[in-house]
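A quick write-up on the structure given underneath.
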Amino acid sequence: MDGVMSADIIVIILATGIRLATPFLLAALGEMFVQRSGVYNLGVEGIMMMGAFAGFYATLQLGTPLLGIAISLAIGALMGLIMAVVSVTFKAEQGISGIGLYMFGWGLSGLLFRLYVGGVTSIDGLKPIAIPLLSNIPIIGPVLFNHNGLVYTAFLLVPLSGLILYKTSWGLNVRAVGNKPEAADTLGVSVVRIRYECLILGGMLAALAGAFLTIGQANMYADNITAGRGFIAIALVYFGRWSPWGILLGSLLFSMADSFQSMVQVLGINFPYELAVILPYLVTIIALAISYGRVWAPAALGKPFQRGTRG
Amino acid sequence: MKKNVLSVILAVLTLLAFTGCGTKPTAEPAPQKTDVEKIRIALVLPATVDDMAWGQSMVDGLKEVQKSMGEDKVEVAISEKLGNAVDAGSAIRQYATQGYEIIFAHGSQYQSVLNDIAKDFPETTFAYGTGFATQPNIFAYDPQAQEGGYLLGILAAHMTKSGVVGIIGPVESGDAVKYNYGVQQGVAKGKADVQTRIAYTGSFNDIVGAGNLAKTQMSAGADILTGSSQQAVGAVRAIGETEGNYWLSTDMDQSSIAPNHVLASQVYHWEKVVTKIIELRKQGTLGGQHLTLTLADGTIEFKYNEKLADKVPAEVKAAVEAAKQEIISGKLKVELPKK
Amino acid sequence: MGEKIEHLEMRGITKRFPGVLSNNKVNIQLKTGEVLAILGENGAGKTTLMNILYGLYQPDAGKILLNGKSVRINSPSEAIELGIGMVHQHFMLVPTLTVCENVILGLSKNFFMDLKTAAKRIKEITDTYGLAINPDAYVWQLSVGEQQRVEIVKALYRGANLLILDEPTAVLTPQEANDLIQLLKNMSEKGNSIILISHKLNEVMAVSDRVTVLRDGEVCADVNTRETSQEELARLMVGRDMAPCRREGAFSPGKPVLELQDVFARGDKGTDALAGVSLRIREGEILGIAGVSGNGQKELAEVIAGLRKTSRGKIVLNGKESTQMSPSRIIEQGLGYIPEDRIHVGTIPSFSIWENLILKDHHQPPFTKHFLLQNRTIMSHSSSQVEKYGIKTPTLETPTGRLSGGNIQRVVLAREITRKPVALVAAYPTRGLDIGATEYLHSKLLEARSNGIGVLLISEDLEELTNVCDRIAVLYEGRIMKVIPVEEADERILGLLMAGIAEEAQVQA
């Protein structure tokens, strides 16, 4: 098996890639709704940290990861609400308030951890659920159908997000509010309300992404556990052109490249490790550079909505 | 404008929240030399005080010193999460200004910032590591990580069933390189046909990344793993969830995270280094020495996890012990990677 | 949806904004099937009145009666409920959504959208009024005229039978405007009521049954269209007799002052906004550039002023090649420039009037001597300019941004013409100005012409072009379709050229 990409190795690379893609998918899909409504929330990383801590702490105290997920979602909603109050109601500069939220989340999660836990503490996280029959299919089975519940959730959220965005009235409102809020406003769609809803949804999904790291991967908590994944998620929203399928593609591309480079290193294939660790970023940037076509950034992205005063 | 005021308030609030947990100043306000005997020590850490690795090992060392010399004789202040050398620099300067006598900057990245500051405080003793370059008032400390690594490597070579030992590297630099190279030599010495596989995460503190890399290592066949830096705990936790795989820890004993999986440890006894620096200072040596941590002087300890000690066959223990004695006696010099 | 609006009355409407009485005891009436035009200059209070009817503002006094019953309209959605629809001057459409999605936006109460049923209903509406719109097309793919039709469909879909249109033809080509007028007539015949806000006399005459004229926030006339004339309406609107500007004196152009030879330039989107433009402007002539805006007009003006790089071709100004010159060299070489955005490009809004008046010459005598600004000279120069150009301002120190659009344009005009340029580029100089200000600007352009200045006038108002210009060039997708003498130019030919149809115009011309 030395240095040879056997079928087994490929299965490992793909299954790991699926697992690694999960937090990006969750956070990026949430941020996609936020940006589609015309707000960009750079605080994703901070919300992820809070979600990671909340999920971890609740699991530790209550003993069940499911409650951890529930509490993490609630904290995420709260963080999204804070961002909404600051950036939608008070119309603060979104870039600054997002970075503020990131630092707030980072500081607070670290502080709470120090106050209530401290030290390295393990929890019993989510267990993989092998889907009967499907998980027995050769190659595809172990790659796709032997993961924990949050992995399935993340991937099911892709078509679901597409359905919500393109087939529901609420999705239509989101797209309208992010592109031409004044038009939505004249038709009785509340711009403020839609943006609040999106920020809260985005916060919940970012927190879930964080909880996945503690409950679904590391089964422990440490300071700065997200290690920049929230920012990568934001980049993937741009990469995915604000579409769920694009985000899926970007998340998989990045994570598969990451999984691949780990395996290349592990198998001792002669390849400089400095290059290996930047491979996922490199692949993603190159893919972004060579892909072309019209970029559909939500036209009102980053602009606080203000109803015209004097006509 | 309302918007600007709000942004400023938000920024201040977050900074407060941030620094509130980032810096951990001493509980008691510095008493102004009421007790001449009392020595004041400050520590600046790149990661956290409870990282179960590099940082915590030093914190434990300082606590040990406090205990042995008496709480009233030693005052310790710690600032953590200062991975950025510039932020660390301002903390160090502040400690120096406040009259701390010995300031530990616990990371190789602090060397240059320390050189700047030390000139302005000639009466203060500074120390940093891993490193070797010194100044009249700067000590450099330098754990010979390869020595323990070598012993752990021998152990790994004998204990592996799959014939593959995996190393989770943070970044290819400093202490980690020395340690990894020691392990590799030990494995090769222990059993010629056992492979060592090194893979790096590219980060010191990505515990999730380290955990994932450990899973990849295991799925590709490694059954004994090791690795340095604070991210290692993520890998330890990942191994803790498996059956029949072992972890070898370095910097400190990490068996509390996974009692059934951490087979043995290389432990740094910082209290001895700290005590030595205190003594040197008392004798009037403010710095200028390159202090190594070695098996020979007991600042590095090789230690089995008592709970698992009986899993290691006697002849393996004997092989490890023999190598240890050779290193201590100086008969064996574990090589360092050539630059 | 409420009952059908048979009769609307706005009675005694008064609306005050800080420092301005926007509507003062305004009365209007409208019955089913009628087209009412509300005519007035900018700032006369037309839009305020309609925003009150549409629920965007609340009146300080007065009431709105629908079918004889008093109603309060607190928001646009309430107006829509009552059957009132509004087509804004700037379309309220989301470009990235389809026609169908735009139409049902804010309506669906169900979780899932029912686009099929919606498309069917849209089809019914478009069939009834003969509107050709594909419900699945994205709005960004549609022409301006089509987008306007989407706005109308949107209102009708919501059950509107009283439609307010705010300056609907401002953005249309003449053909599109004619189509719209036909459509409005058709709609009113089918029992809808229409309120048309406009300051264009010809379209008011063409489409309306009745005209209510607003001046300074008050109704100054309410007449049947059939019983009035354009001249009378103009007089009512402005409050004095109007003499439309005409070119006088023989057309005797001199030597060329500004020449463009096969000029290419990229637009902001990176595509060729100008694709081989060749033009020649001579002393004492006004060359008009007609075309629907967005066909390269902005880039044309900027290229000449040196604010945008050419990618190919040559520009000659006053006998010297100016293609590579910096904007300041081009100014020295004798170019006057009235930019499209008079507030932010033409002036510095926070600067005082006198500062803006000397903006291009402050560094040289007589305004500066020994590096010092000569205050006395500047002030006497400025006050004489203010007087000569009739700039209405409290003081010379007033920030220019506080003036009305017409007065800002006078400041720009004063500065540019006083410098005695050899060539003057004016981009949409009358856009948004009322009749009085427009008339003044035209007279000044003609004065410049008789002083031997070569003028390039970019406009989308064909009446303005045919009144003022000697020759008219039509710009379409960055190319000059044709340059025709004004005598041969009529609205139909220009319209065809503006739509990019050269052959037919050729044959007919």
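Order as written gives the chain letters A, B and C; numbering starts at 1 within each chain.
In this text, a contact is a pair of C-beta atoms (placed from the backbone, for glycine too) under 8 Å apart; a residue touches a chain by one contact, two chains touch by 3 or more.
Computed from a predicted model, the values in this text were never measured in an experiment.
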| item | value |
| --- | --- |
| Joint neighbours of chain C and chain A, given as chain labels | none |
| Most centrally placed chain - per-chain CA mean versus overall CA mean | A |
| Chain A and chain C, separation of their C-alpha mean positions in angstrom | 47 |
| Geometric centre distance via CA averages, chain B-chain A, whole Å | 33 |
| Centre-of-Cα separation between chain C and chain B, whole angstrom | 72 |
| Contacts with 2+ other chains: residues of chain B | none |
| Residue numbers on chain C that touch chain A, as the complex places them | 17, 47-48, 51, 56-57, 75-77, 80, 86, 88, 91-97, 101-102, 104-113 |
| Chain B contact footprint on chain A (complex, rising order) | 1, 9, 12, 16, 19-20, 86, 90-93, 96-97, 100-101, 103-104, 106-108, 110-111, 114, 118-120, 122, 213, 217-220, 222-227, 229, 259, 262-263, 265-268, 273-274, 276-278 |
| List of chain A residues in touch with chain C within their complex | 167-170, 172-173, 175-176, 179-180, 182-189, 296, 298-299, 310-311 |
| Contact footprint of chain A on chain B as seen in their complex | 2-3, 6-7, 10-11, 13-15, 17-22, 47-48, 50-52, 81, 166, 169, 172, 195, 197-203, 205-209, 211-213, 215-217, 219-222, 230, 233-234, 237-238, 240-241, 256-258 |
